[in-house]
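Before anything else, here is the set of structures, which you'll find just below.
One chain, chain A, appears in both complexes that follow, with chain B as partner in the first and chain C in the second.
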Partner chain A sequence: MLFNRYRRGLFITSFLAAPVILYLVYVISPYVQAFYIAMTDWRGVSATPNFIGLENFQRLLGDSVFWKAVTHNIALLVLLPVITIVIALFFAFLLNVGGRQGVSGIPGSGFYRVVFFFPQVLAVTIVAVLFQQVFRPDGSGMLNGPLMGLGLNPVGFLSDPDVAFWSVLGVLVWQAVGFYVVLFSAGLASIPKDMFEAAQIDGANRITLFFRVTLPLLWDTVQVAWVYLGILAMDVFAIVWVMTDQQGGPDWSTTVMAAEIYRNAFEYFRFGYASALGVVMFFFTVGFAVLSLRLSRRERIEY
Partner chain B sequence: MASIVLTNVDKIYAGGVKAVNGLNLEIRDGEFMVLVGPSGCGKSTALRMIAGLEDISGGEISIGEKVVNHLPPKDRDIAMVFQNYALYPHMTVEENLAFGLKLRKMPKPEIQKRVGEAAKMLGLETYLKRKPAALSGGQRQRVAMGRAIVREPQAFLMDEPLSNLDAKLRVSMRASLNTLHERLGVTTVYVTHDQVEAMTLGDRVCVLRDGILQQVDTPQNLFDKPVNLFVAGFMGSPAMNFVTAELVRGDGGAAVTFADIKLSIPDSTFTDKPGLDQYVGKKIILGIRPSDFEDAGSAGNHANGWATLPVKVEVTEELGSEINVLFLIDAPPVEHKDTVAAADSGEDEEASLPLVGDKSLWTARVNARSHARSGQNLDLVVDTHNLHFFDSASGLAIGHEANR
Partner chain C sequence: MERKRRLGPMGVLTHAALGIWTLLVTVPIVWTFLASVKSEDEIFGDAWSLPATLQWDNFARAWEQARIGQYMLNSLVVVSFSTFGTMLVGSMAAYVLARYPFRGNRAIYMLFVSGLAFPFFLALTPLFFVVQNMGNVPVIGQFIGLNTYAGAVLVYIAYSMPFTVFFLAAFFRTLPTAVAEAAMVDGASHTRVFFQIMLPMAKPGIISITIFNILGQWNQYQIPLILLQDREKWVLTQGIADISTAAGYDADWAALFAALTLAILPMLVVYTVFQRQIQSGLTAGALK
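Right after this comes the complex of A and B.
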């Protein structure tokens, strides 16, 4: 009996050991090291970095570029989930419930499903390069071409500091929507069909059907989407780095925390300072996760 | 309140499957109409077409003189009760009841009045603030009913509303449905596959099979005068006993013979069923209801003139108030397509005993005073006035007014 229990413990441990060790070595220990490096002035050259305490954090407080990046991240944190979820919910509703007859999608919903998901299968870098072309400021840009054809002034989608951030946001939404359409479609599929039929007989039109029945029943899924998108907004990097002018420009108008960390680490070789930025970003992300889990605790819906 | 008229209604699904085929049905104002049939017979589809949840491939449906073919469900002024209740899980009972009224922009006091009345009628007053998840099956069922009642619609449509309840609750809900219908008098269309529900609830019952209407009549008439083998086999539990028999006319009047049994037929049968005399000397399918048997020993005087049938009891099923006696008849089971369809439909599928071999297993329902036991020999008497005769080729009841 005792032997059996011992053997079972051994069995479980042997399976757990590998992933736990990998996780400790490659995830947890770099985190811990980062906390230490953040308190040094290491520039990647000396073997024994100088310990300088919280000096990096002091400097960071006065770093206007970093705080600009933080505001961009926070703006994304608010806007990206809202816009993406609204659009994705709208599409998912039309694809699954909003049809004319009974509980079905609009005509051609199978086709749209593929179209909406398409951005999701493209690599982020490709998306970034693609949109560089779409946003070109001259007549061969996909957006500016028609504008100039109509005799309007071209818009500097990536060159105008007032516009560039919105271009980045637009691309992020464009790429994210497809996945959330699929997520919400799956959520809708788990709601019994007769719920919608009952609502139709009760007198719901498409709008009331959406707001009074679909949205409340889908609320759990929406919350999950919110957390995912919030995390996505916190660690935006590739789109900004590849697509925008001067990697986060012009004039830092599109830069984000991850981009600043990368710049400090691998362009300015201030590894200590970059780690300090990373630590700050870590606390932002953890804070967001804790907050959203706290707020989203709600009684579960049972059918 | 209104009548519902279906004229030549078709439903053809993609792929050409005809779920409902030329259905003609008139549901009178205030009537309780039950659509019954085995699964896949098109009864639910018909109901959903009346509700507007399913489009109509052909024909015309009108509710209260108004053709509703192209009206969306919300404009048909009907309320529906679903099999799984379809209560909104995020709303309380009260909100569930009020939802349809709110959407119709009814003034608040009127909503409250109606919700209050319905809750009182259904005994839901103490549960108004609860969510459906905190209710039992029966309570949810009553909320679903209440949601239909508060609307005060022209018609109730019910899609197997009792089939998710346990047996005992089903019986009591059946009774409350009956009283509810009597009190409200709203036209009701009720779909079920349970012929007991159909018999007990319906003012009239409509039997469907493969999308085709078989017979519409009062429950009693369906039981007494089934139009064909399918209806005969489907309605009534235990099911009617069938055997292929020969109709003969000898010195002592007419009789049917099967196996080595001869049952004489009273003369009145021939006047009741015109056309039956043309079958003399031919094979027919004979049907006998289990309830038309009685134990000779306990039958008493009213069985005077009934034919006697000596049998050997195989199995008895004692139900307390009566006993089902299962016995073998030395004739091959009737393999008509209609009897097969009716038999494999009901939920209480009688698994045919492989032991039976080439004999038919019959059931007789006898009085509990009978002391029939398995293995015994027993004399059964048969009420020969209630024999059913079917054409062995078409399966139609011989002499039935619909088949003349």
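Right after this comes the complex of A and C.
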């Protein structure tokens, strides 16, 4: 008996040792250190850091570039989920209940799902370079070519500071929609078909069907989508860093928190300051998580 | 008979709406494929012209000079080890945390899962120095420091733990206990029960998360960006990101499109073959 207890303990320890040690060394310890480094003036690779308290945080309050980045993240936090979810819900609805009588899937829905989902498997850097070419400012650009062909002025998708942010948003939506179409389709598939048929018999049209039956039953999945997309919006990096002019430009019009952290740490070598920006990003992310948990407390519909 | 009617006006509108998005997804990709066989002049000319002759040597230049072949091989090396390692230690941790109550179990589980909520960029700077310091560890340091594959692999594994443990622990909890208990009575060890009974039973969950990790690690950009700064060691995402900034590349646009095509095509092939598994693997987490 005692031997069995001993064997069990040994087994637990041996199975947990490697994952826990790796996780503590590479994940937990950097996160903890970040809070300390944020309160130092550490610069450069060889310099020794001095403790300076909250000075970095005072300085970042006046850092207009960083606040621009924060504004962009917040704009993305609102726009990316809303646009993506609306488009994805629309397509998921069309694919699954848009068919005959409004209750069945449409022919070819499998094909659409496969195509829509594909951008999701591409690396963000590939998507970034691809759209850099699509958005070229002259007639050789995929979009500007036809525009100029029609006699219109070319649009500076990435070179016009008023437009560049929307280009970034557009690419993010382009890549994300398919994933949520598949997610919502899976959600719809788990709703019993007789729900729709019953509503249909009661005389509901497609629009009523969508707002009164589909949406309430999918609400849980929509909330999950909102949290996922919100986190995506907070973490945006590669699209901005690789696709945009001057990595967050032109004129800081597309920069985001992650890009400023990277820039400060690995281009300006301000390790202390970059960590302070990281701490601010941490509180934004946690704030978003808490907020979305609060808002999502809603009666679940049982079926 | 009623049910076999032709496509009504609603049906046409539905297909039109879906068709527009299909074009939005496919046209940029097809356009890139097309540009990959154009000459430099054609690329800078009318965006929608077809190539006069197919310039296959663009691919040769992308493969050799832009070193896409080298970067792909590097990605392959890193991801094979990191995904295997992630699945091995991740499933071990998830299994113990899901099936063996002990003091501290809950705390360790929460420690792993809390990683899902942290923004990676908070850890960015310290992580660089952690790995740099690893390089100074006697004997093994030279293998796990900056610019080493093993160093990057360990970091990939560590950052894949939160989701892997979260998902697999939930999966192990749903499995029946009877078989494992019977095996224990017959004298099988805990380790043997795990590898020969529980792991095979958990196969559907393991497959989903393996796909999730392969894709996530293959597409990883931030971690190699700071840990593998040596050009020789770059992975594919770094190579692709670099050619567009034209640094050290003489802006060979034709080869850039060829390189993009080379990076997209394998994904397209793998996706076409495994699309069902990939879709369920990637959405698995959100549906839990």
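Keep in mind that, in the parts below, the second predicted complex is superposed on the first by the 276 of 303 C-alpha atoms of A that agree within 3 Å, B and C clash if a C-alpha of one lies under 4 Å from a C-alpha of the other, contacts with A are read in each partner's own complex, and residues count from 1 in each chain.
Please note the rule applied: a contact is a pair of C-beta atoms (placed from the backbone, for glycine too) under 8 Å apart; a residue touches a chain by one contact, two chains touch by 3 or more.
All values derive from a computational prediction rather than experimental measurement.
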*With the two complexes superposed on chain A, say which partner A:Ile201 touches: chain B (first), chain C (second), both, or neither.*
first
*What is the contact status of A:Ala258 with respect to chain B (first) and chain C (second): first, second, both, or neither?*
second
*For A:Arg212, decide between first (touching chain B), second (touching chain C), both and neither.*
first
*In the superposed arrangement, does A:Pro192 touch chain B (first), chain C (second), both or neither?*
first
_Contact-wise, after the overlay, does A:Val242 reach chain B, chain C, both or neither (first, second, both, neither)?_
second
*Does chain A have more residues touched by chain B or by chain C?*
C
*asked:* In the overlaid three-chain picture, which partner chain does A:Val86 touch, first (chain B) or second (chain C), both, or neither?
replied: neither
*asked:* Taking the stated contact definition, name every residue in chain A that is touched by chain B in one complex and by chain C in the other, in rising order.
replied: none
*asked:* Can you tell me which positions in chain A touch chain B when the two form their complex?
replied: 101-102, 192, 194-195, 197-205, 208, 212-213, 216-217, 219, 301-303
*In their complex, what parts of chain C are in touch with chain A?*
3, 5, 10-11, 14-15, 17-18, 21-22, 24-29, 31-32, 35, 43-48, 89-90, 92-93, 95-97, 100, 102, 108, 111-112, 115, 117-131, 154-155, 157-159, 161-162, 165, 189-191, 194, 215, 218-219, 221-222, 225-226, 236-238, 240-241, 243-245, 256-257, 260, 263-264, 267-268, 270-272, 275, 278-279, 282-283, 286-287
*asked:* Looking at the complex, which residues from chain B come into contact with chain A?
replied: 51-55, 72-74, 78-80, 82-84, 86-90, 99-100, 103-104, 132-133, 147, 151
*asked:* Show me the residue ranges of chain A that touch chain C in the complex, using the header's touch definition.
replied: 7-9, 11-12, 14-16, 18-20, 22-23, 25-31, 33-34, 37, 87, 90-91, 94-95, 98-100, 106, 108, 112-126, 128-134, 136, 139-142, 144-146, 149, 174, 177-179, 182-183, 186-187, 206, 221, 224-225, 228, 234-235, 237-238, 241-242, 257-258, 261-262, 265-266, 271, 274-275, 278-279, 281-282, 285-286, 289
